[in-house]
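What follows is a single structure, written as structure tokens, with notes after it.
Lettered A, B, C, D, E and F in written order, each chain numbered from 1.
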Amino acid sequence: MRPSGRAPDALRPLSIEPHVNLHAEGSCLIRLGNTHVLCTASVEERVPPFLRNSGKGWVTAEYGMLPRATATRMRREAKEGLSGRTQEIQRLIGRSLRAGCDLVALGERQVVVDCDVIQADGGTRCAAITGGWVALRLAFDRLLKAGSIQRDPLGDPVAAVSVGLYGGVPVLDLDYPEDSEAGVDANVVMTGERLIEVQMSAEGATFGRDQMTALLDLAAAGTAALAAAQRQATGR
Amino acid sequence: MRPSGRAPDALRPLSIEPHVNLHAEGSCLIRLGNTHVLCTASVEERVPPFLRNSGKGWVTAEYGMLPRATATRMRREAKEGLSGRTQEIQRLIGRSLRAGCDLVALGERQVVVDCDVIQADGGTRCAAITGGWVALRLAFDRLLKAGSIQRDPLGDPVAAVSVGLYGGVPVLDLDYPEDSEAGVDANVVMTGERLIEVQMSAEGATFGRDQMTALLDLAAAGTAALAAAQRQATGR
Amino acid sequence: MRPSGRAPDALRPLSIEPHVNLHAEGSCLIRLGNTHVLCTASVEERVPPFLRNSGKGWVTAEYGMLPRATATRMRREAKEGLSGRTQEIQRLIGRSLRAGCDLVALGERQVVVDCDVIQADGGTRCAAITGGWVALRLAFDRLLKAGSIQRDPLGDPVAAVSVGLYGGVPVLDLDYPEDSEAGVDANVVMTGERLIEVQMSAEGATFGRDQMTALLDLAAAGTAALAAAQRQATGR
Amino acid sequence: MRPSGRAPDALRPLSIEPHVNLHAEGSCLIRLGNTHVLCTASVEERVPPFLRNSGKGWVTAEYGMLPRATATRMRREAKEGLSGRTQEIQRLIGRSLRAGCDLVALGERQVVVDCDVIQADGGTRCAAITGGWVALRLAFDRLLKAGSIQRDPLGDPVAAVSVGLYGGVPVLDLDYPEDSEAGVDANVVMTGERLIEVQMSAEGATFGRDQMTALLDLAAAGTAALAAAQRQATGR
Amino acid sequence: MRPSGRAPDALRPLSIEPHVNLHAEGSCLIRLGNTHVLCTASVEERVPPFLRNSGKGWVTAEYGMLPRATATRMRREAKEGLSGRTQEIQRLIGRSLRAGCDLVALGERQVVVDCDVIQADGGTRCAAITGGWVALRLAFDRLLKAGSIQRDPLGDPVAAVSVGLYGGVPVLDLDYPEDSEAGVDANVVMTGERLIEVQMSAEGATFGRDQMTALLDLAAAGTAALAAAQRQATGR
Amino acid sequence: MRPSGRAPDALRPLSIEPHVNLHAEGSCLIRLGNTHVLCTASVEERVPPFLRNSGKGWVTAEYGMLPRATATRMRREAKEGLSGRTQEIQRLIGRSLRAGCDLVALGERQVVVDCDVIQADGGTRCAAITGGWVALRLAFDRLLKAGSIQRDPLGDPVAAVSVGLYGGVPVLDLDYPEDSEAGVDANVVMTGERLIEVQMSAEGATFGRDQMTALLDLAAAGTAALAAAQRQATGR
């Protein structure tokens, strides 16, 4: 039924390769089917102005897509400026990662998580959150090992997955062909059994409370599977 | 318990004044407590390039805030360029209004809904959606009356309201002091009993499925009350 | 003779509604016929770099127009950047208000006067100056009452009006249809019987000294009437 | 009395050197004391969109200043974007030159007059108008000679000069030290005895009608002298 | 003697992995030591305006660097706009690839070669040219196979390498620590034994003709070795 | 053989007029045939952030072209932003002038060399370097005379010239018609017999080592002649 031939509740093949970048404090390459996102975490010993002398740290994210990550080449954002879509995505990634992080334990430093889409086939913002958490975890491991921080600022993995109604059926982890046909489409960010963010929207359609429930059930199963892979990649 | 003294399920005083703009095809001033948004709908006899010769129309939205709409003066966006927040909001408004609109019935023309916040006290994006629908309704009434369109592209009112957990309690229609303290915060867009968009997010917190249910119940009651006011303002 | 049916020396119906903004230190909504401008004065306890440690304050102005203030929707300036016309107008407003203000009495603080055109029908820059002075007057009243300043920095009202040659006849307070036909067009800023700024220009025409004199006479009468309304609105 | 030692009604030494640019259809270098402006007129066989198929032509102007035209080096506008001051000036130059030009006789073509300040010592916008007219005159002579236009679109020279109150005394053609001290400052554009534009403004001061009259008398004498030099430089 | 311990004439370990991108017509990942560049070639069935109806095609290049490609995180170019350095590099890459390409044989289509630096350790522009040629080769193979072009537009490989004087000694293929210390630094682009571009420059130093000769000899040996790897990766 | 009728090794008529700008610490107008570049050197008592407290100074360059410097009017860079070509050129000029300058002897101050092309006919970047050195020399003479610096930071003149293969023949100092036809084109910067920068590139062609040698021989003779003129203009 799905173009990909997957069962409605099946994730795409998943791999998370840690330590792919020589320079970054934490990094991984996450592959979810044909969606590949390179995530790096950069630790900076300064915080944004609104946090100076607060004793608290900050986690922020930036997101980009290489011009030929997509089927048709896109214009380079360095020429165009940040699109609204890009800004919306990077705000979501940052908010999601902060929700799973104790900023006081981090101390007055900032971590910038860069998520760059090397190849895209739907679900890039969710892959960025899932991979971004791994990069953050590895950077914090280094800070803990170096004694720069005493208490671990991170708890359970933060993972995100897309769900949607495809041909009226709730499906997990939409690839691009599915996503472009889905009438209702959601991104769900979870940590353990708790929700961090739900963005469910209809393009040219509406949805009922029962459909919402079915989609959230699927998402909970999906993020649990992602969290297991995050733990394995980080040795936690 | 609430800084405003309102009951958890109470909306702020609401008024929708239609026909406030001499030039626009449809317009209203929506006041929800101290949040005041001026909404105009401008009909243009052209569509974006991707819809040319498709027979379909388009509804899009733009959002702005006057510099002193807020307690502290903000820099003018004409100087700064569109912020990520602004772009995110105007994409939400446009998506919400399109979900309640039959673009084929509209025919190959575009309606631009401008939502300008004259004064802000929380909930501006929701007020913009609710008021934007009224401006759109009035513009469509004019097109119908002029015979430019034959079939009404709009159905039930599209209304939006914010809900959140304030001090752990689900509350409706947060004003700014409540919004800045709330751990979980959601914007819910509905038409009748159907959902169009749910954006629920936690800043530095998480939420459970039961809390989500309670918040959606509140939102459903709130949007029903808003829809009644939308009908009254447009004589529907 | 005039499209509006007014006598050559007649102003349009005028109202100045003070205290329209909850947040601003001073504010008013000025309506001159169908031209409506919202003016707010925001007091900031800092000055531009060139005045630091000078003991002097500063008054500056910003001007904007909502996209559907005009008969045909304009592109939003937040997308386009500040146009040359906008910059020219806000420099004029700032210069005019400063000319009527003792910057030493103000002390080292800045007042930003925002003039946002809600609806336009010609003469917006003049209405902005006239309304801007009212907002400034109310902000200064608050500073005086609070004891933040000891000596009143403002003297007589600063008022502005447009005049022009319409069909060869000098007329006062041009609306948009008149303005777009006028061969000679002027904006005159006065305080009492003294001039602050005269900008008289011909588009595709020229004018003689005698015509200039007639236009300035009209403007003097017009600004006197505006000043009376400014006094009334501010209780001065 | 004047820092320059000039009589109140004395212009600075003036020279207008025509044909200084190999490529441009018309060009001159105007020197008014230490203010040196290079003016070129470029003829383009197209008009702005709003004039297509109107049978009318267009004259527009652009203005720039080399970074070290001034006593202190300014940042290059190519880095900064066009300042509000620059845009205001180039609108003035264009309006002034168009007022002296029959756009129907020009036919559907555009002339861009570039005025680049090589060295500045006050009065650059006036020198640009005066020199710009010479460049335009020479370009039109070429078009007439080539038979591209049949009827001469230009009449009497358009010339501009600054006047102001310096130490309370009306003076002509202010240089930079005078201009920065003057309480009232005006730019006057004339053609023959007719006015095209008067911009008189007070910075931190006001002025009376009698002072305005004295300043306009001075300006009339000054532009007459400039017009004689314009005729000589163009052989008219 | 070299920080890397390499012999003066030794390249870093080199690998070129073809077909790394699902969407692009040609692609490779080139690794030269710790410098890793992802190159994609995108074929577009249109040409820039200056080539329309010329029968000729175009090859152009764009270059980017991920924020954490470098030891210290750089600001994202999507925020900053294209830097001068980036523009200079992408002009060099495009010029170099065009020099080795018969644009008439390509026909009226454009190939955009995107070179994105995933990780940087000196020599990124040279790696981009070398890898860019491989992506171009693979894209042309596809066009030839599909019969879209009849005659192969590409000849011998185009390869580029950096050389420099490090501690006064000519060395090949500088890594970042060497590059930042070198007094003279050159990028040499060759095809077979012919030169396409030589950019040799001294920062705070000068060089003689004999030193130039020695550096060019080294570069010729280096590009020959790169060309062998390019042939192997593309099966030519 | 050359369109200009010159011998292959002939420079165009050259003049260097020093002290052309009233305000700048050093200045000249260099004319090489129809290429005219105005060069000013501005001394600023501050350095870029990366040199603060280093005891070293900095020399940087900016380059611009008036809109009608060229046969067809170009859009003004103040409207367009700095093009890639402009940035590449100003980086070359700055690098070349710094190579001939002892930045320690300069002390912690910055000299900005502005090179503005008044009229262009090929070879503008080389003329800018040659004229820029003269402006720098004159500014340093003033600093030495004033006692602001004790030791002369400048040595032999830095001069630049273009060479190229025109119709297969090596020619010196290409004008625009030659430059646009040349298959190989180089800019060579020298000081005495030492090289500072060689940029030799082929557009749609390649070149051999022997051709490179012949071009460098021509360039050496050309820069020697330019250096003699630089000495004469500065009295050195």
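Following the convention adopted for this analysis, a contact is a pair of C-beta atoms (placed from the backbone, for glycine too) under 8 Å apart; a residue touches a chain by one contact, two chains touch by 3 or more.
Everything quoted here is computed from the prediction, not taken from an experiment.
Novice: Return the chains shared as contacts by subunit A and subunit F, ordered by label.
Specialist: The shared contacts of subunit A and subunit F, listed by label, come to E.
Novice: Need the graph distance between subunit D and subunit E over the touch network, please.
Specialist: Minimum step count, subunit D to subunit E: 2.
Novice: If subunit B and subunit C share one sequence, what is the angle of the rotation that overlays their CA atoms, in steps of 5 degrees?
Specialist: 180
Novice: With residue numbers as the basis of comparison, which of the pairs C-D, E-F or A-E duplicates the interface of B-C in over half of its contact pairs?
Specialist: Same contacts by residue number as B-C, out of C-D, E-F or A-E: A-E.
Novice: Among all chains, whose Cα centre is located farthest from the one for subunit F?
Specialist: Result for max centroid distance from subunit F is chain B.
Novice: Answer with same or different: of all residue numbers used at the interface between subunit C and subunit D, are over half used by both copies?
Specialist: same
Novice: Please tell me the distance, in whole Å, between the geometric centres of subunit C and subunit E computed from their C-alpha atoms.
Specialist: One centre to the other, that is 59 Å.
Novice: Roughly how many whole angstrom separate the Cα centroids of subunit B and subunit D?
Specialist: Taking the average C-alpha coordinate of subunit B and of subunit D, the gap between them is 51 Å.
Novice: Using the touch rule from the top of the page, what residues of subunit D touch 2 or more other chains?
Specialist: Within subunit D, the residues that touch at least two other chains are 81-82.
Novice: Record each chain of the ring in the order reached, setting off from subunit A and passing subunit B first.
Specialist: Following the touches around from subunit A to subunit B and onward: A, B, C, D, F, E.
Novice: Which residues, counting only subunit E, touch subunit F once they are in their complex?
Specialist: Subunit E reaches subunit F through residues 81-85, 87-88, 90-91, 95, 98-99, 103, 191, 193-209, 212, 216.
Novice: In their complex, what parts of subunit A are in touch with subunit E?
Specialist: Residues of subunit A touching subunit E: 21-24, 27, 34, 38, 40, 42, 44, 62, 64, 66-71, 73, 76-82, 86, 112, 114, 116, 118-119, 121.
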